[in-house]
Structure formats: structure tokens, C-alpha cells
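One structure is given below, represented as C-alpha cells, and several questions about it will come after.
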Amino acid sequence: MTFGGITAVKNFSFHIEPGEIVGLIGPNGAGKTTCFNMLTGFYAPSNGRVRFKGQDITNRKPHAIARLGLVRSFQKTSVMKRLTVFENVLTGHYMASRQSLLATFFPGEAVRRAEREARESAAAIVETMGLAQRMNAPAHLLSCGELRLLEVAVALAAKPSLLMLDEPAAGLNSHEAGTFGAVLKTLVGRSIDALLIVEHNMDLVMSVSDRIVVLNFGRKLVEGRPAEILENRQVAEAYLGKAAA
Amino acid sequence: QDTVRIGLVQPLTGSVAYNGKSVVEGARLAVEEMNAAGGVLGKKIELIVEDGQCTPANSVNAVEKLVQKDKVVTLVGAFCSSATAAIMPVAQKYKLPLITGVSSKASLTEQGNPYFFRAAETDALMAEAFAKILANDLKLTKVAYIGVNDDWGRGGVEEFSRDLTALGVKTVLTEYFDHGATDFFTLLTKLRAAKPDGVFVAAETQDGSILVKQIREMGLDTKVFGVGSWATADFINLTGEAAEGIHAAVPYASSMDTPRNQTFVQKYQAKYGIKPGKYGAAGYNALNIAGQAIARAGGTDAEAIRASLAKTSYEAPNGVYKFTDKGQAYGFDAVLVRIEKGEPKVIASTPVDAPH
Amino acid sequence: MTLERNILLAFLAGAALLPFAVSDQYILHLAIMALFYAVLASSLNLVVGYVGEFSLGHTAFLGTGAYTAALLSTQAGMPMWVTIPLAGLVSAVFGFAIGAITLRLQGPYFVIVTLSFAEVLRIVANNWIAVTNGPMGLAGVGQNLFGDVAVTNKAGFFLIVLGIAAVALYLSYRFVYSNAGRAAVAVRENRYVAQSIGVDPFGTAMQAFVLGAFLAGLAGGFYAHYISFVGPEVFRFAFMATMIIMVLLGGKGTLIGPLAGAVIVTVLEEYLREVQELRLTLFGLIVMAIVLFLPNGLMGFIALRREQQAAKPTLNAAKERTV
Amino acid sequence: MTLLSESPSPSAIAQAADAPVLAVEGLHVAYGSTAALHGVSLDVRAGETVALIGANGAGKSTILRAISGLLKARSGTIVWNGKSIANLPADRIVAAGIAHCPEERHVWPNMTVQENIALGAYLCRSREEVQRRIGMAFHRFPRLRERSRQMAGTLSGGEQQMLAIARALMSEPRLLMLDEPSLGLSPKMADEVFDVVRSVNGHGVTVLLVEQNIHNALGVASRAYVVKTGRITASRPSAELRGDPDLLRAYLGG
Amino acid sequence: MDLFPQFLANGLVMGVFYALSALGLTLIFGLMRVVNFAHGEFYMLGGVSGWFVTNYLGLDFFSGLIVVAAFMAAVGWLVDRFLIERVRGQGEEPGILLTIGLSIFLVNGTLLLVGPAPMKVAGAVAEGPLFFGPIAVTKLRLLAVAVGIALIVGAHLLIRRTRLGAAMRATFQDPMAASLAGIRTGHVYAATFALGCTLAALSGMLLASIYSAQASVGGLISLKSFVVVILGGMGSFAGAIAGGLLLGVAEAMWGGYVSMGMVDVIGFVLVILILLFRPQGLFSIRTERA
């Protein structure tokens, strides 16, 4: 992937197994978000292929990829600001209750049942993410941190099999990040099959990830278990700085 | 009701408002005169003016309001033929006489609507009246036709080109432009290449003045003649020098040399500060025709008014108006004018015959 | 949601009684025009309120519907029950074709390209004399409903337009409160999020756009028969401006808003005939005043009041700028 | 919790030391009809670095916005250098020497990195001086020099964050207010940013900081205010908080 | 073929006129993102007040131009402070409704005051034809082209090269960040609106001296100006020139070689075609990313 001469991601390969939480870290501008954008069809990679559940999804439209079960969040806070928290999450259930145009205009029992289920599920997800008190508050009234949680809730509502989160804990304080990490861990295996997380909060990444991939200047630097990464000299130099020292 | 109400639908806003206002001015003058002379049926005439914006929907709105709310006994309007076409069935449904002083689309009187009367020339009648004079006086052999792209402009071009062609005049160019266009250099470039010795123009004041001006700006000295309200002070002022020597065939010009017209011009000028043009006269005539018909009918019964309208013989500033069975006016004079030293000079005058 | 539904039902039921209660033809005429505009405004609202893109070319569908009905009636002598639905369908096809091009654009580009389509159609209607009769328009559109049964009075037309309005409101209601409607809102609010939860922004927008075109086409078909004359001015911006004022004044993104807007504007415009020459000047001033005092339209204002009374936190959502 | 009773009144602290450059008293702020701050008082002394910490949605950002004039105060006073600046428009407050680097970056997306930085010094009329400051910014953030002609909207999250900080420094303020400066920065980059904050502070610039990364925040600040649901509930020296994780948890837990 | 030079000349002259009359909109719509339906009415007011100052106050053309500029700047400033300001930041719809209301008010108010008749604005120079080989133009047209180009270049330099220009761009992209940089955003908005209004009025007066001024010209001008601004890509002055010239030349060629009747269709077809292949207009780049 290149932008007007700047190569953002080059020759990068990795894979995720079911049941796994993988952390993707790397210095600013290393290409993590770009990588997300390529995996989910927002950018078209100039080379290489993306395979998901055995299917080649390279160059597919973002919504088509989402429908296969690959759902992501965005680095820049992105929610539907004028809807309430509940409505945001309910909208997230779009895929589960898709229906034909005919059914839209002349709804039958099946449609009504799907609607009911979506509402119940939405309420449950809001609960899980700890936003129950804010259930009926319009999203624009939320503070930065709460918005991050809401984004994750919307993504979860889409019932992904692979969830990809881009800096979900940015804006949470150390304490809140800890709670959030615990929630994430319980999700894998229950609501979702696997999780790919980009995060600069080292405590969080190290505690939730089964495996960590480090990206630097658009290439893979190393890959390994959290403990191995922490010990890696290159990683310390490029990424961790004094924190490792 | 202690007045006799007549409803007038004209465009008072939008791009033809300019002409619509003139009709209203003429109409007001006519009503004033009639009321000064005692009104009709012993009551004053009340003129109720509504804006129809020259669109079918708005004109229908206006008519519904005039009929239902104001209970007018006769309708006058609308300006654009499309708006008139839309209000004709409404008038027919309510069985109210409808007089237009302007709309010139030939087919209007062919629809078999017994309540509709047109106190105006059609393009066909004008062409018939003047084609020969023009061809001879201007020594035309090759003519270009330019018209505004609406029913009136297209009608004018078609009728004049047919009659002139019949006289052996060749057509070298026919073009239409949209109302509101301001730049004609491209069109005139084609005109220059076609080398006509006369150019026929069907355009109203605004488009026409700019067009004629630009003909001269392009350095063309072709003879210009056409239809439209050109025999007016406004047109001549806007066009300036370029207006000199152009010819216009109009149903009315303030310089028409009859006593009736002189009093009309005088009164009009006293009231509005300018000389009347074709539309001012149209409004004046239409209202007088309506008023006289009501007076003759002896009551406000619509059928009676309709019947008496059919027997109209109205002495207008520009001759005598009568109606055919289909409601088309004839008998009045139309004139050919030439602009000389900023004044429209009548060079030919001929009564408009009934269509055959 | 149920509140909105009940208000709509009550409105339709009340309206159905009108021709029996009122004999003044002028008032009936106004009621017909108000309902005609209500259908138009609701159809525009589907695009503006639920695709979230501002279409200035909605007259394309009004005009297509009007010409379709007028042609079918004058050329083939078809009755209204055939021509009006066909007008809707032809407009829907046009909507699909135009949407395929325009819906790939956003913001100002969408605004202007839709306007361009309407203008192209207007110019074609004005010049394709063989079919549309050009600026002379199509006069004498028939008024028969079935076979030879003609609608002769205003009450009849009123019931027809009421039926069309009921269809329009029902379809809009179903769409808006469905999964598809939520998807459309998602696209409006945040395109990226919508895509990431599996919404096809193009497809969803297309649904709303085509539905809007269909309803506008129905309205156009009705217009042709009611006014009995169709000319190129049905494509003109004047209709568009009226529709916009109705939708925004009533409050976009709600079902009642455009309906209320249509009724208010129709009545206001007629009422202002009282002030003669000042009419449109005053109308312009009133429109401006309404924007200044009710920036989110009537429905926005009512919603705000309801929230305030419930002592809930309120804040102007739009103040929040997303950059 | 009874934190309120434990906390010494902020003004008591101020009296003990030299007079504060920034003094906020009884500040009430609301978004529309929703109150967000209920009488906040705090002081910052010249040359000090003070942190605001607290849970999500506590009102930290709101305090900064009120000081920089983005939000109007319902009531209360804000005194800067002895002059009241409450309810002055934001541009006047910048002119008075206060810079605010807002949450969520807010770079100008359709301007280049260079233009973004240069505009940070909008009030400085000398071309040479602006050039000098731009050089300085590029020196502090070499990554931005590499991208100087790229449109700011296409930068990565972290790059935008650097740009926002660099831009805030361009006005060479006397008081620098940073809202979550390390947000989206890699650990190494965050360290570098805090080094910059330290060095700026070393040149006598007063710093008011909102930061979620408590470790970093307490590393640079000498003192921290704890904000909770629109009120200040405590003011503690950093060292004390760092030494007492339990106390910290009590303050931060939502 | 010998018609070609004249067609081209006509097209280029018209192109500059189009660019000129769209200039105000480039600022207000292109940069400021207010979908300004009253643009044509500001243009119209320029023509009408030009007629007033030259006819009633007896000023010569250029002094008149200055008076009109000052007057319309004040109008623009007031409109922004008292109307646009109130709905700023609430999305584009209130602005659309507001400017539609304003345009209805201005047209009809003007109709009431001066009536619907076309008005003549005395030109700065004589109107007779001028020949360059086979090409006919008039002095007045050449003058208008020159003034038009000067205004466009001036506006371009203002936006790209001056402090005020930078402040404008910053304010429209992110007003909050702009005020935090010390920019008086309220003034920037008002100044931009006033400038856009003035430019519209200047072109209105200039072109009214060639054609004529009339209360109802606004609608057509707005339409063409939107086409030009979109063709060029929002807010780019080079784009406005290119868009204007493209439109002018295309119309001249179509009108010349095909038919005059459908000339107006060209602009819209161009818009559709160009946006089909370049969804951001000719001269604009996208900087949005997910």
C-alpha cells in the first residue's frame, strides 16, 4: 500500500487462529490502521491477498466483508451521534435482521421476531459493556471514554466472528482499561471467535493478547508471545522506549 | 354583494411579471373609467387581481380562490398559454366566462370551450396581416428566424415563416433560445454566416432588447423585424441606438392615430407616467369587453354574460373587437411600426380578419 | 413510534371525513393541493431525512410521473387507476437509473448533480416536441378513473389523493421503522460505521431513493389528471423550493414533519394572498424567521419541548461538529 | 467515599505558596441545559505543572474548555495573571498567552502539516519569528518534517496527535493546557512528548495537563487535582499519589 | 470552419463571465460550505443598485462600482451576522432553508421597490463593435473580461497568500481549532460572506452594463454558478476559471454546431459526466480517510 510515494505497509503477512487474541502494535505511522483498512476493504492493497475463513476477500467491498463476519472499529471515534446508546447498538444488529424489501413493507411474524430478538440482544450488549446507565442517552452526550465503549458495543452487535479493534482503550484511564481488558477476555470463545487488537496501552495488550505482532515502517518486526515481545531489543528501541528500560 | 366582481389572473412575480404588471395597469385603468361612468348594473366594478406566476398549478389556485372565495362573475387571464390552458377547464366547470387578452396559442380556441374568449391576436392572424407588407417593403429574399423557446415564440416563428415562404422568401436559419438568455453572440455568429437580408425575431422586451442590441454589437446591419412588445418606451430605452429602423408587427402601438387611442394614451400616461404598450392595451381591452358584456347581460348570471360576450362589438383604441363562434376576436386593427428617432412610427395598419 | 403511527392514523381518518363536512370547493381544492404536496414532501423526506443527502432534483420524479400519466391518458386514453400507478413505476425506474449515478456522490456534489438531472429532463421536455409537445405542454389530460367513469368533483379528487397519501405514509412508515430504515439512518449518521456493520451504503440509499421516486411519481401522476395540463414547468426549481421548505419547516427525518409542513405552507401561501403584492416578500421573511426560531423544524421543536419537559438533558446534537 | 472532607481547600494551598498565575473559583459550566461543572476551584502557580485526573466523563476536558474560552462559564471567576478572563472569546485568551491543545486533535484536515503548524502562530506577525518556531517544531517532531507537505487529514492517529501538540506550542504560550497529549501515541513517542513538556516547562511555561496515563501524568506534574462528576474532590502532590496505588484506585474508579 | 474563431472567442468571453459571476459562490459555497441560494439575488442586487447609482445618483461607472461594492459588503456582513451566524454549525439544511427564504424575500422585495422592468446600467465605455480579423467583440466585453480576470486572480491570491486567507481556510475546516489559534472566527465568517456577496454584486453590475439588470435574473445565475463551482471542484479559484471556461466554450460550440435550443443542457450534462469520472470535480483532492 503506497500513498503518493510513501509506502505505508509493505510485504506484511500474518494470520489469526480461532480462539485467539492477537495484539498488533508498532510505532506511530507504522501502518496498523492502514492494515485494518486493507483487511476490511476500505483500501485496496496493491499486492497480496487477504483470506478469511478460507475465502479470498481481497478487494471486496467493506460491507461484504463485514457480512462474512469480519467487523472492525475505527481509530477516530465513530458513532452515530444523534442516536441514543441503545439505538446505536440496535442498529448494529443490521445483519442479523436483514430482510427483503417485500418483508419490509408487509412484515410477517418472522420479521417481528427478528426485531424482538435484536432489541433484547442490544440491551444485553449495552449491559455487558457497562453502559447500562447511559442506555437512553443520545451518544453526543457521552464523554470520550464512554464513546470508545459504545463503539465496541456496536461492533459486537454485528455478531462478528473476528473482531478487530483499533485503539479501543484510548481515552480510558489505567483503571478503566483494566476492567475493559477483562471484558474483552470473556468475549473470545463466547460471543466472538477471535480478536485482533491495536493498542498503545501496553498493560492492556500484554494482559489480553495470546500473541503479539509488531509492525515497524510497514513491515513485520517480530511476532511472539507477550513476554517474548517485552524482552525483544528491537521492539524496545523502536516502540517501547524508556518504558522497557 | 354591492359590487360586481371581476377576477384577473396574471403573473405578478417571476420572469414574466414585467408584462403581467402592464396587463394589470391597463385593466385597472379600464375599471376606473367604467366606475367613473357609473359602473355596471348600478354597481361599481371591483377588480380582484391574483398572482398566477404563469404556472398552471398556481393559476388554478388563483382561479379557485377567485371563484369560490371572491365569487367573481367573470374571469380574465391568464398570461402564458400554458396557464390559460390549465384554467380553461376550471372556468368551464364553474360555467364562468373567461377572457384572455394575451394568450396567443392558436389551439386554445379550438378546444370547444364555450366559456372561453380570446380578445387577442394569434400569430397566424398577425402573419397573415403583415407578411406581404414586410416582404415588399423590406425587399426580403432570405430571412432568418429567431424565437424565444416557448409556445408564443415558436408560434410566431412558424406562422411568419410559413406565410413568408409562401411569398417566395427563403428561410436560411431557424433558431430558438431560452427565455432569460442574455448572450446571443453564438447565435448571431451563425446568423452572420447565413447572410440573411432580414431577421425575424419573436421576443419580449427583455430578451428582445438585448438581442437587437447585440445584433448591432456584432456589426451586423441586417434588417430586423418581429413580434413582441417593441413599440414601447421601455424597449426603445433599453435597446438604445440599436432600435433605430427596426420593424415590429403589434396589435397595438401608442402612436396609433385614432381619437380613441389618443385619449387612452393620455389617460394611461397621466396615471402611470409611461405610454401604454401592447400588454397595457390588452388588459384595458379585456376589462372593457368584460364590463360591457356584463352591462348588456343585465345581470350577473354567467350564462347571460357568456351570451352577451359572444355578441361583443367593442370599440377599442385600436379598432373594433368582435368574437367568432369559437371565441376568437377579430376586426380590430394591427399595425406595423418602425422605430424612428426613438419613437414607434406606424407605417401600416390593417384590420385583423376572422380566421378561416 | 406508536405515537407517530397513531397521529398519522388519526390524521387520515379525520381527513377522510373532510369532503363530507365541507362543501366549499376552494377549501377542498386547498386540501387536495396540501395532500398532493404532503406526498411530495414525504417522498423527498425519504431522501433528505433517511439517505441524509440533499436532493435538489426531486422534481425529476414529479415531472416524469406527470408526463407519464399525461401521455398515457392523452395518447392511449388510459384511466387514472392505470396511469397513476404506472407513473409511480416509471418514476421509480428513473429513480433507479439516476440513483445509480448520483448516489455515488456525497454532499454538495450530490446536491448539484441531482439538480442537473432535473434540469436536463426539463430541457428535454421543453425541446422534444414530438413526444412532450415542448413548451406547449400536454393539455386536456382526461379525468376518468375506471373506463368511462370520470371524476367530476373535487370530493372525488380529494379521496384519490387521500388514498395516495395513505399509501405514501404507509410505505414510509414501514420503511422508516424497519431494519432497512435503521440502516439508512446509519449511513446518514456515519458512513464508515454503517459499512463496518454490514450495511451497503449504496444499496440502502438506493432503496430510499427509489421509494422516494416512486411516491413522487404517484404525486406527479395525480397532478397531471387533477390540473389536466402538464408542461415543462413541472421540472422547475419552484416546485423544488416549495418541497424543501415543507420538509425542513416541518422537520426532516420524521413522518409527521413533512405532512405538517405541507399543510402549513399551502395554507400560509394562500392566506398571504390577503396582502397582495407583499405576498411573496412576506413569505420569504416568514421562512427566514422560522429557520431562526425553529432551526430543526416544527417536529424538532416539539421533540425538544418534550425532552425539556421530561427534564432530560438536552443539547443541540448538530452543534457537535465532527471534522 | 468521603474524599471531600479530607481534601484541603485549594485556596489554602495557594495562600501558602506564591500567588497563583491562574486562579479558578466556583466555576459552573453547562452544555445546553446539562450542567457539567458544579463549582470548580483550582489554582496554578507560575512555572508549575499541574495534572487533572479522574474517571471518564468527570469533567476534566470541560475545565480546560472553560479556561480557554470555548465554553462560557455560567458563574465563577477565572483569573489569569491578575486579570479576569472569564467569558472572553477564545481568540482573546490565546492572545493573553494561553494555549489549549484540545481532545481529539482537531487538526485542519485539508491543509498541509506545514500550514497547520504555521497557523499555530497566527498571532505572531513577524515572518522570521514564525519560521524560527516552525524550525523548532520540526526539531521536536522529526516525523512531522518528513510529512510536512502531506495533508493533515491523512496522517495516522499518532502523527495527528504530534501535530496538534506542535501547533499548540507555536503560539509560545505562558500557560500550556494539554488534553490527553499521549492519547494514541506509542509508549516511546509518549515519553518523548513528556520530555518536550518538561523542557517547555523548564523554560518557565506553566502547564496544566489532563492525562489518562496516570503513570506519565504523575511523572511530569508536581501536583494533581482529582476531578469527579464535575467537582474537584482532592488535590495531592504527585509523589504522594504515586506511592499509594489504593488511594489512586479510589480516586479513579468511576 | 471559418466560424470557429468567433465561436471560440464567444465561448472564452462567456467563460470568463461565468467564472466571474460564480466567484462569490466559490467563496460562500465552495469554501464556507453554505449552500447559498441567494447568490443570484446578490448578483441581481449588484445590477439593480448599479442602475440606481448610475441613473439616480449620476455617478460614473467606476465610482458607481465602488459605491455598490461598499454597500453590498455591508449587506453581506449584516446577513452573516444576523442570519447565517444563528444557524452556523447546525448542518447544511438550516442554511439552505434560510438562503431560500432570503432569496424569495430579496427578489420580491426588489420587485416591489423597482418593479419588474429591465433596467439599463450605463456602461463604462462605448458599445460599438470591435473587429480582430474575423472576430467581433465589443470594448465593453473586453473590459469586463479584464476586470473579471483581475478579480479572480486577486481572490485567488487573497485565499492562498494572505494571513486572512489562511485564517479563512482554517476556520471553515475546524472553527474550534481556529479560535484556539487566536483567529477571530466570527469576523472571518462575516468577512468571507461579505466578500462573496461583494464579488457577486460586482459581477452583477459589470454584466448588467453589458446586458441589463432585472429583478428576476437571480435564479438562472445561481444555477449556472453552482454548475461552475462544482465543475471546478469546490472552493478552488483555478477550478472556477476552468469550470467557467469549460462551460462557456462548450455552450458556444454546442450552440454553434448543434442547436441553440438545448444550449442550457450542456452545463448539466458536463456536470453529470465529470462527476461520473471524477467525483470530486476537476480541481480538488480528497483527504478523508477511514
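Which chain is which? They are A, B, C, D and E, in the order written, and residues in each are numbered from 1.
Here, a residue touches a chain if its C-beta (ideal position, glycine included) is under 8 Å from a C-beta of that chain, and two chains touch if they have at least 3 such contacts.
Just so we're clear, the structure is a prediction, and the values are computed from it rather than from any experiment.
If you check the contacts of chain A and chain E, which chains show up for both?
C, D
Between A-D and D-E, flag the pair that has more C-beta pairs in contact.
Answer to which pair has more contacts is A-D.
Nearest whole angstrom, what separates the Cα centre of chain A from the Cα centre of chain B?
73
Taking each chain's centre as the mean position of its Cα atoms, how many Å separate chain B from chain C?
37
On a C-alpha centroid basis, what's the spacing between chain C and chain E, in Å?
Measuring from centre to centre gives 31 Å for this pair.
Which chain C residues touch at least two other chains?
127, 192, 277, 279-280, 313, 315-316, 323
Mark out which residues of chain D touch at least two other chains, giving numbers and ranges.
Residue numbers touching two or more other chains: 31, 34, 106, 109, 154.
If a residue has to touch 2 or more other chains to count, which residues of chain E qualify?
107-108, 173-174, 176, 219, 261, 264, 289-290 - these are the residues of chain E that touch more than one other chain.
How about chain A: which of its residues touch chain C in the complex?
Interface residues on the chain A side: 40, 42, 61-64, 66-67, 71-74, 78-83, 87, 90-95, 97-99, 101, 104-107, 111, 114-115, 118, 137-138, 140-141, 151, 154-155, 157-158.
Spell out the part of chain E that touches chain C in their complex, as residue ranges.
On the chain E side, the touching residues are 29, 33, 35, 83, 86-87, 89-94, 96-98, 100-109, 112, 173-176, 219, 223, 226-227, 230, 234, 261-262, 264-265, 267-269, 271-272, 275-276, 279-281, 290.
Within their complex, state which residues of chain D touch chain A.
31, 34, 53-58, 61, 103-104, 143, 150, 154-159, 161-162, 180, 183-192, 212-215, 249, 252-254
Could you list, by residue number, the parts of chain C that touch chain A in their complex?
Touch list, chain C to chain A: 170-171, 174-175, 178-183, 185-186, 189-190, 192-201, 207, 313, 315, 317, 320, 322.
Please output the residues of chain C touching chain E within their complex, sorted ascending.
48, 54, 101, 104-105, 108-109, 111-113, 115-117, 119-120, 123-124, 127, 192, 237, 241, 244-245, 248-249, 252, 277-281, 283-288, 290-292, 295-296, 316, 318-319, 321, 323
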